[in-house]
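Just so it is clear, A, B and C label the chains in written order, and each chain counts residues from 1 on its own.
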Amino acid sequence: MHLDHPVTMPHRHAYSPEPLRADRGLRAFRVGLGGPVGSGKTASVAALCRTLRDEFSLAVVTNDIYTREDAEFLLREAVLSPERITAVETGACPHTAIRDDISANLEAVERFDETLHPLDLVLVESGGDNLTATFSKGLVDVQIFVIDVSSGDDIPRKGGPGITTADLLVVNKTDLAPHVGADLATMAADAERQRGDLPVVFTSLTSDDGIREIADWVTGHLARWRAKAAA
Amino acid sequence: MSAGTQLDRPKAAFDPASPPTGTEETCGHPDGVRATARIRATYNGRVTTLPELRSDGPFHLRRMRTGGRAATVGVIGAMSAPLGGDRLALDITAEDRAELDVTTAAATLALRGPTTAPATYDVRLSVGEHACLRWLPKPLISAADSNLHQTCTVNLAATSQLVLREEQILGRANEKPGHLVSRIRVHRAGRLLLDQHTAYGDPEPGWDGPAVLDGHRAVGQLLVVDPELDLQRAPVLLRKGTKDGCAVLAPLAGGPALLATAVARTSSALRELLNEALGHAFGE
Amino acid sequence: MSRAALLLLADGRFPAGGHAHSGGVEAAVAHKAVHDIYSLEAFCRGRLHTTGLTTAGLAAAAAAGCDPLLLDDAADARTPVPALRAVARRLGRQMMRAARATFPSAELDRLAAERPQGAHQPIVQGLAVRAAGLTPKDAACAAAYESTGGPATAAVRLLSLNPLDASRLLARLSAETDTVAAAAADAAARVTTEGLDVLPSASSPLLDITGEQHAAWTMRLFAS
């Protein structure tokens, strides 16, 4: 069932899933990464894995358009061992799998919780989609939306649920801005108008440590979530 | 069994207008043949013997010469059957430790006969502990305007071995197939292993469409049950496309059993697929 | 009992994982056996009278209160290829999650505990229908409808068919869907006196073969 209605706000679950597993242990923190095709979602996931894997126990769920392509990229790049990477098929509707019917993704993340001990963090990467795709709060604890400057500096102005509601907006490929005539200041101003206080990171993932700010944001949220769950 | 009629059937007025009636469903047509042939094989401590070999109706049973401890029986068609209204059954039992091969001499041709009422053809196979039965009949051909309800009921012990092949050819050359309904049910050690029902030919809805046969006129299965089978392997796919036939060989859920399912354009292509599957089943 | 509850359970938007499955139509499209609305209708009709009838019988029997574990074995015996058994159990797990959230019942909890890897989906669906206070016939109807609704929706995406044509196709099949559901529910009603063998076991060789082929593909849009 195709449920992508660009004119309406995405349906959200009214609750977040419990942070405790059935055995009362803490489950892994779940981070969703969405955004249009080619904006750098898979590159972000790869960079986050390389940056965080020594300190945290990680796993990745990909939602490929054409099954396993992104999962296979991550395997090839050897960012994590194979048992920590899995792919979910989405039946040509990647946004449905992360938003309207999250059951296959929940299966995948819960399976990681069961099989990988201890597990700190699961990254759920959506299939490349349009600007309306967001993650259900029933699936992830926080979500990151990745766009890039080369797709047009008017994207933040156009908005859409991903731009306006994601917990973190990443504007990637800032190094390309002069070449594609993108105005970063305008993008920043538009993003602020759309998002209010929600954070925006401008970065180039190909630069040294271009992932650092995003990684720090993730680990900060992980720490706060744990503190809250323990309270 | 075979198309060549060797014995006279009961005389019947041919009346294509006579409609099937409800009672025929259960009792058979008055003009139809009722026959139950039986084969029982036992092991005498040295070789397999055949204490019961009861020919009946169209089934003429013949003991074939064999070496080794197995017994072989050929089922030879004694008259054209099944025709509409016939009630045919074949009971084959391999008792504990017996080893029995049963074949048919010629293809079984289902024809219309004197009535459009369905014929029934029930094959019942029973295999004891440490016994082995190979039931490898020639194909069943569903000729135009025939109407046959076929069942194959198999009861296996936990240590039984079975090789079973079923081939169905839908229509002779360039003719529309008849109506062929089949059900196979296999129990092993009291537990259901396989239950499948197929229905081909008019008036079955959708039977020739892309979800069921997609124009293929030869369809068959090969079932291998053997406690020694290596089941820890990936399913075998034979031929990647579907146009010229294809098959899959894969383990069943409920026991040490592999089932090959194949569809093909011709009976020879079907046999080739099932022979390949048999080779894979026994680890080639 | 609530009619609306049945609509909820039979809705393709019910979050039980169905949207990622094509019911064999992705393989049929790849083989060019399904290429337009007419071949899609033939596909759906064939699936309705094979897989649809069998799953409707299992769902109706579960809704009628037959032992779900025995039904699960019966479903295994009716599903000879591992790829389709895995799909049925995976969808069963996903259906279980959605069903327990929407129509909590001790029977669903018990089956979830006894089959942690998932029971066959139609059995979970039947128990969900039962938990919603609906009838075996309702369960059969939902399962039979799903056997064509899933492939039709998937084919619209795969072949860019006109969705109105696909809806018209499903409307044309609706009387046949009712007939299949009625036959399945009749069989389920006879289980207590005649045993589980009375349940339909209609099967299709091509759905089995291509289901296993599809599972071996490395590039695909649908999970089955």
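Structural remarks
The rule is simple: a contact is a pair of C-beta atoms (placed from the backbone, for glycine too) under 8 Å apart; a residue touches a chain by one contact, two chains touch by 3 or more.
Just so you know, these numbers come straight off a predicted model, no measurement behind them.
Fewest steps needed to get from subunit A to subunit C, stepping only to touching chains, is 1.
When every chain is represented by the mean of its C-alpha atoms, the one lying closest to the mean of all protein C-alpha atoms is C. In whole angstrom, the spacing between the mean C-alpha positions of subunit A and subunit C is 33. Chain centres here are Cα means. That of subunit B falls 29 Å from that of subunit C. The distance from the centre of subunit A to the centre of subunit B, with each centre set as the mean of the Cα atoms, comes to 56 Å.
Those residues of subunit C lying in contact with subunit A across their complex are 11-22, 90, 93-94, 97-98, 153-154, 157-158, 218-223.
Every residue of subunit B that touches subunit C in the complex is listed here, in rising order: 183, 185, 191-199, 204-214, 216, 219, 235, 237, 240-243, 246-248, 250-254, 259, 261-263. Put simply, subunit C touches subunit B in their complex at residues 24, 28, 31, 33-34, 39, 42-50, 73-74, 76-83, 85, 176, 196-197, 200-210, 212-213, 216. Partner subunit C is touched in their complex by these residues of subunit A: 1-3, 65-69, 88-93, 96-97, 100-104, 106-107.
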